[in-house]
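The letters A, B, C and D name the chains in turn, as written, and every chain counts its residues from 1.
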């Protein structure tokens, strides 16, 4: 087990060990992991679906609701890191690079207060 | 910017700063972030949809394809960490707790080689 | 081609013919179709992600935006009907049965005005 | 209730009546319906996630498993038609138009046996 709960690579190693100890690596091809991820995203979506958009943060501010959200977010993260691991992707480095790239594509003073549009 | 690309909390802080610098926090209510996450999961799914399941790891082993997968995985991670941040969830701690819970629910010698079934 | 655009089975037959004419049935195993469906759900989500929840209907009331939404909804529908076809599911009958079942589970005068909760 | 289970517009009207009878229209803004759709896509994905891709059709050929798949497909369809209804989209016409458009974009003898690539 990793020494820190804040390390992406440490969490990745823990998840890999969890799969290995159960001989579940055989099920962890990318398409299966993606569908498992979609299942967890669905559970996360269900938590929020009928909450009015403006009330969502407040509605999840109690310790019990925050924990529920944290569990579902964790399930998504676990499959996402497992997928990255299976593909040999260093997701911490990749996410930092993506963020740096976004800083260049969306220059702060050009886009201030305007959501990027998808058409 | 955080000093390490491997830190969940560091990455979370970087993502928050990215949103703040663009005055995009106003768009980042949980339901909107969830839909943005779903959009990125969709792009990740599109990469793999027609690849035969057994070939998927090999098909993404080239540097170029691995980088593409890493970009899409990063986009999912970025919105997931942003959502956790908005909800005040410590996702590193939550994921470690979830994994510990799964170790108890799925005792290794009981479930070895058998995928947990959903009905 | 079917004579009516309003027939679920007619649309299903048209989609099947489209796949057959291109020899694409080989790619249409359930897991691949599901990932393709997820890709289209992602594109639909991207259309709405940054629109304030209360403005979404009005924001899509122009002919051009309504058509864009219609295209993405159609893409989801097409993969959903293709998946049902591959599995031999009569989705019209199944959806009617599901709706009848929901009428019994959620008796109108018991649940009026209260969203069903997911925990 | 509609006279036919095969009619997209008939099913749409039935779903609308179901929502109206429960005073649930207030919850059915597009973003909420999309998250509910995502929840149902997640449940559908969970059914297939650990089934080997090549075995998926056979694994769902029993009456019981086919019915389970049909239920989850129906749930996705119901939210999709509800979303189209709220947006004023004639989804039968839109899907037929999309299919006609795809016939032109992917000319059968050009693309025979080759899956369209996403990059």
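To be clear about the criterion, a contact is a pair of C-beta atoms (placed from the backbone, for glycine too) under 8 Å apart; a residue touches a chain by one contact, two chains touch by 3 or more.
Predicted model, so just to flag it, every value in this text is computed and none were measured.
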Selected interface, C-D versus A-C, where C-beta contact pairs are more numerous: C-D
Rounded Å distance between chain A and chain C, as computed from the means of their C-alpha atoms: 26
Averaged-CA centre spacing for the pair chain D and chain C, given as whole angstrom: 2
Where chain C touches two or more other chains, by residue: 27, 31-32, 34-35, 38-39, 41, 45-46, 48-50, 53-54, 115, 118
Contact graph of the chains (line, ring, star, complete, other): complete
Contact footprint of chain A on chain D as seen in their complex: 27, 31-32, 35-36, 38-43, 45-46, 48-50, 53
List of chain B residues in touch with chain A within their complex: 4-11, 14-15, 18, 21-24, 26-27, 29-32, 34, 37-39, 41, 44-45, 48, 51, 53-54, 56-57, 60-61, 66-67, 69-71, 73-78, 80, 83-84, 86-99, 102-103, 106, 108, 111-113, 115, 118
Touching residues on chain B, where the partner in the complex is chain D: 31-32, 34-35, 38, 46-47, 49-50, 52-54, 68, 115-119
